[in-house]
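After this come two complexes, each holding subunit A, first together with subunit B and then together with subunit C.
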Partner chain A sequence: MANNYSAEYEKTSDALPGQSLDWLKVIRADAFKCFSDKGFPSLREEEWRYTNVAAIEKKLFTPQFNVEVNEIDKELLQNYQLDGVFTIVLVNGRVSLEHSNLEGLSDNISVLSMVDALDQKPELVEKYLAQAVNDKEHSFVAFNTAWFSDGLFIHVQANQVIEKPIQLLHIVTQADLLATTRSIVVVDEMAEASIIETYVGVENVYLTAAVTEVFVGKNAVLTLYKMQSEGDKAYHFGGIYVKQDKESRFTHHNFSFGGLLARNDIHTDLNVASECDLNGLFLGVKRQHIDNHTRINHAQPHAMSRELYKGVLNQRARGVFQGRVIVAEDAQQTNSEMNNRNLLLSNDAEVDTKPQLEIYADDVKCAHGVTVGQLDEKSVFYLQSRCLDEKTARNILTFAFANEMVDKIKVESLHEKLLLQLLQRFPQEGVEKSWL
Partner chain B sequence: MLSIENLHASVGDTSILKGVNLQINPGEVHAIMGPNGAGKSTLSHVLSGKPGYIVTEGKVIYKGQNLLEMEPELRARAGVFLAFQYPVEIPGVSNIYLLKAALNAIRKHNGLEEVDAMDFLTLVKDKIKLLQMDEKFLYRAVNEGFSGGEKKRNEILQAAILEPALCMLDETDSGLDIDALKIVADGVNSLRSEDRSFLMITHYQRLLDYIKPDFVHVLAHGKIVKSGGAELALELEAKGYQWVEGQAA
Partner chain C sequence: MSSSAEEIEQLISQEYKQGFVTELEVDTFPPGLDEDVIAKLSKIKNEPDFMLEYRLKAFRHWQTMKSPDWAQLNIEPIDYQSISYYSAPKRKEDGPQSLDEVDPELLDTYKKLGIPLDEQERLAGVAVDAVFDSVSVATTFKGKLKDAGVIFCPISEALQEHPELVKQYLGSVVPEADNFFAALNAAVFTDGSFVYIPKGVRCPMELSTYFRINAANTGQFERTLIIADEGSHVSYLEGCTAPMRDENQLHAAVVELIVLDNAEIKYSTVQNWYPGDENGVGGIYNFVTKRAECRGSNSKVSWTQVETGSAITWKYPSCVLLGDDSVGEFYSVALTNNYQQADTGTKMIHIGKNTSSTIISKGISAGKAQNTYRGLVKVGKRAENARNYTQCDSLLVGDKCGAHTFPYVEVKQPSAQIEHEATTSKISEDQLFFCQQRGLSAEDAVSMIVNGFCKEVFKELPMEFAVEAQALLGISLEGSVG
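Up next, the complex of A and B:
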């Protein structure tokens, strides 16, 4: 089934980082076995029933371990490098320090490439790697564990507050490339940080398979942003797996704009009195397929989760939202709210939405809501009655629908970039950037 | 300014307006009163061009134009304004943006250039004081999370900035406490001028204590059954709608 990948793995695995570490060798070998036994996910699996990955199987994407940095599409890089943040650039799945900018970053925050981390602090990587997610989760995770070529290891020490966000800018510059990165983010007790994952690439077919494991310490705060603006023909699989300690707060903003096929997995395990906010906006045009899977695991009491995902789909685009909230028997006093709102702008657009609440505790407050629809005609008329023509009114309302999610972003340069992405993807007539 | 002749309108198979005649001259304030279900709101909806109504008979001439043939936005640009009974919330669109976009659409319609940003801000800040609203309302999403009273004040703020020739107020007094009612009424009164007309739709006489109409009409069963001066409202308050409904029968 995944034979061509298996054969390729035999050829290239020696070049993977950390192959001198016995423990990692075992982990990779197990992961590879897990992947080659199962192959890529099939439509028969409940979690994959709306997303067909057969095209990836048919092709062979291969890693390039010796990527010349001068091959970087400089324009693409400059276009997505945000102002007012620390930036680390990953080119074709490898950290490129040459293009990164960590000037002024406090010594109490360690930012290492995964290659360097495995070299310099292997015991620390061992402590966290594959602890927030299991290879059995699905084949792309196993695939990632077996293949990862680099990534980031970010460790924010206790009580530290990073004043600026750290941007991880993933860029793919070549066709048929496999970019497999594994990152680990550890935010210790009482620390506070924000990280922006950005995925961009050339207008060619390539595959991104990224996994980020996150550990938010006791009473720590982490905000993680993801802006997925891959090239139009790209395949993107990105998983974020979070373990939250007591009283921690995790916020995720998931902006999924690019790629031909994109799948986002966001899972978080909540501890006592911790909080999470999962926000998402997916915009699909043409034949894009964007799949979002979230899982919020209320394993302990007094935790709170809020989730809002919005989708806007035009032309023949297809969106998927599967959100699971699991409230364990012990997780009393859980407070959870999940919402998914979708706007379909054409008759051929489609969204499959499936909120799932699994509640085993009895003293909880859980709510969920889903809407799939067109623009509210009352609002269209209201704007017309305020002098705007119908087309402008519809454009404005479409932007406004999406803008609710962009508006939550307080990092100025990211906010600006997200607005531009919105403007590029939808009819602009009558819409001024100034009001967004 | 506005001439309504034998207006019949229905929603689906239900006939609601059954021959309304009304003449509004510049500067006049007309109040339309009537029991629930009489067709008061329908009249304002039909005049503003809300979809879903079928005009089966009659005509409406506004400033020499056939109003019913105009798209809603063209009516608005030509100076017909409706303050909604239930203004919709529009998350993601800021109040100030809508005001500016609307004002510029009118200016463009009238062959004027877009409003200067500073002039606009001065104008808006001036008008917002009139309605005793906090400036922060300008930067909030249109009506989102506004109280009932705040929504109504916001409608009048829009009117104050867009300066319509015909201002229709649909149940603007409903859901307002007395303080909010006074503020709204003061706002409306400040807009009164010899070339601006008002069509106020209300169920209760209370609003008319604060905005004194030149004419009061009673709409019942889809027709205007009685017209008179401001004193008619008081008489209605005393005798109830059954009095006129009985007369009409």
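Up next, the complex of A and C:
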């Protein structure tokens, strides 16, 4: 079935950016071969045992390289454009500077579209592209490497601190479209930045396959937010692959709200004394399927990782959490904590969770915990004893369960947006935004 | 710290005392496996026809299967044609009628292992079925058990005397095509224990089977089937040892437990197969399929295992909680040292309403060993109010070993409550320091900490086994706790 896409690749590959660069041509060709050999992942693969992507395989999503910018659903765009941030808009997998707003961005921070970066600084792209992730690891990554149409190249130079976050607003405006973006974020030594990835789209079937490679330099700090609010029929695959240098800090907040089938992969390689925090919230309603896959690789000693993922599943939704912590032989003094909490609200909802510890060093402190359950009856009773009806009491508690993750967000406009999303997707009777 | 680390290692590593070989005249099949071998096996055992069909069906399916490779184990490929599938001490025409007629060599062997086959001995409260290579050589207290209505005999004997019971239950929990090793076992199993506890009977004594591999180049394939009828109760113990050899020997067992309404089975194992030497040469490959089905309401199964032996352990005692209000428990201590590898855990399948399960798993990894917990907790759509609590802790001793945790949780029922916790750490220097500062030697302190670490599991073992288990860990509580 991968052949479905093979023919399409032959047709469109010439229009891909950077085809004049020999090294990139090789990378793309290898990646495509890797994808055609392996095909889409099957349920038999351990990492995909709960997520069936046959629907993507059967359909043929095609890239569109010449999408007119005025086709944008302006309302959608306005709705998701945050205040108080720099914004770059990517329409159907292509950067649209027309709608972007980078006014006041310091010269020491370069934000280029991948197309421009390949044109102006190909040697820099070559240095980083496909360095944080291997195509063989993952069919969708190979797919993305072969086929990416654009993306961002963000380079924060040493000792620079960006005051305002940069928002990357991905928007898809057409049905049956394939949006493959590849972004690279490089934060040099002692620099600090935060980036917000937002994914939105029309209420039609389309496929987003985005990969972001992140390099956090020595002592640098990067916070990455992801708000995935794709259209209800969309397929979303989003991979974030991070390489952390010594004493760096990486924080990821992953909010998965939209899409019919969404898969998030977050992998990070920790260096000596570095730290990472992975937070996630996934809400599933109707027939949504949300799969979160994280891997924290403690390759070096003295590093620390914390992870908390929360899931709320209603109606016929299915949530998956697969978290893996690997502690290499020399990674002594590792401290790692992983938690996954899930709430099932209906008889047809399902959650599958698989937290894994793989430890080859002895002087470590590693723990993980999982719970699947329902609201605490005592808390429900307490609220009822305070004159709330049961339904309201349950709504408030469900909301509070999820809101713990939203509360961690310090970017005001994003916090606001997330709260609205949360309220939209929950039984909200009895919960008022003004209380929050 | 380094000096006490050495002490820990000394404590954990100890010689394998059961590694001797008994010289006996034996009947052994030449190595190799095909349908003729199975037919011959079935004929020697004088089995009813349905058994041969069952074995052949399993064998034919096995030939289409591939050895599983998903476990966190590094297994040298096994040549199934180089193993002999039957080896038994030569016996007189009729076989022994009582203990007096059992070959004294054999009795000596068991005496040396500390397993008294003499009914007057100190462990008078335990009935023992002794399985030596491919056959059961003796079963004690048969008379006393018969008075209570309990059937406790080798499975080969049960096939002669109670074929209808065996036919009804054999393979009903672990079907012959269940997995690679279960299929192999179904095709070639030679002996094992059969237990039937009738309605309302509380088995008057502990039942136990002692497995011994003696012959070289053989595999041991035993099959245990325990049926607890309505309202009955039984506690069953299992122990095993093997001689020290340079080659790896295969042990592939299947254990099936069937628990009906209000019945309870408590199944304890102290697994002490030869683990191989400190360079990882030799040792038993232990591939075991153990599964219990709580068919009745209010039924209960409790697995307790202490795994210290075997070069490779691949074992997941599971509970299928079919009946409403049924309970499954799994308590495990797995110790791996040198080059041992263990991938063990459990499956709790909640199907009935109000079912509950508890998993306590303690892994201790030392030397260059790899110790993995792999478990599944599955809650079906109809399993309202299912409850599971899982705790798996790993202790690392030495910087070349590994400890891994792979739990799977699959829930389809909103009223279920599932908790899983896992921690991995080494013996904390703070704890050691605290104990030493209170006047304990480093050795006693480690002993106390390790014992405390395993206590939750040891307390589930029957007394005699708890003693053996503690001794196996090479740790004495003397002078450390009151």
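Here is the rule we use: the second predicted complex is superposed on the first by the 435 of 436 C-alpha atoms of A that agree within 3 Å, B and C clash if a C-alpha of one lies under 4 Å from a C-alpha of the other, contacts with A are read in each partner's own complex, and residues count from 1 in each chain.
Going forward, contacts are C-beta pairs under 8 Å (C-beta built on N, C-alpha and C of every residue); 3 or more make two chains touch, one makes a residue touch a chain.
The shown structure was predicted, so the numbers you read here are calculated from the model rather than taken from an experiment.
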Overlay on subunit A: subunit C relative to subunit B, clash or fit: fit
Partner chain in contact with A:Leu388 - subunit B first, subunit C second, else both or neither: first
Partner chain(s) touched by A:Pro355 [first = subunit B, second = subunit C, both, neither]: second
Which of subunit B and subunit C A:Ser379 touches, first, second, both or neither: first
Once both complexes are placed on the shared chain, angle at subunit A toward subunit B and subunit C, C-alpha, multiple of 10 degrees: 70
First, second, both or neither for A:Ile240, with subunit B first and subunit C second: neither
Contacts of A:Asn347 with subunit B and subunit C, given as first, second, both or neither: second
Closest approach of subunit C to subunit B (Cα atoms, Å): 15
Footprint overlap on subunit A, comparing subunit B with subunit C: none
Interfacial residue positions of subunit C with respect to subunit A in the complex: 70, 72, 379, 381, 394, 396-426
Subunit C contact footprint on subunit A (complex, rising order): 46, 329, 332, 342, 344-347, 349-374
Contacting residues of subunit B [partner subunit A, same complex]: 48-51, 71-73, 76-77, 81-82, 84, 87-88, 90-94, 96-98, 100-103, 105-106, 109, 141, 158, 162
Subunit B-touching residues of subunit A, taken from the complex the two chains share: 376-379, 381-390, 392-393, 396-397, 399-404, 407, 430, 432, 434-435
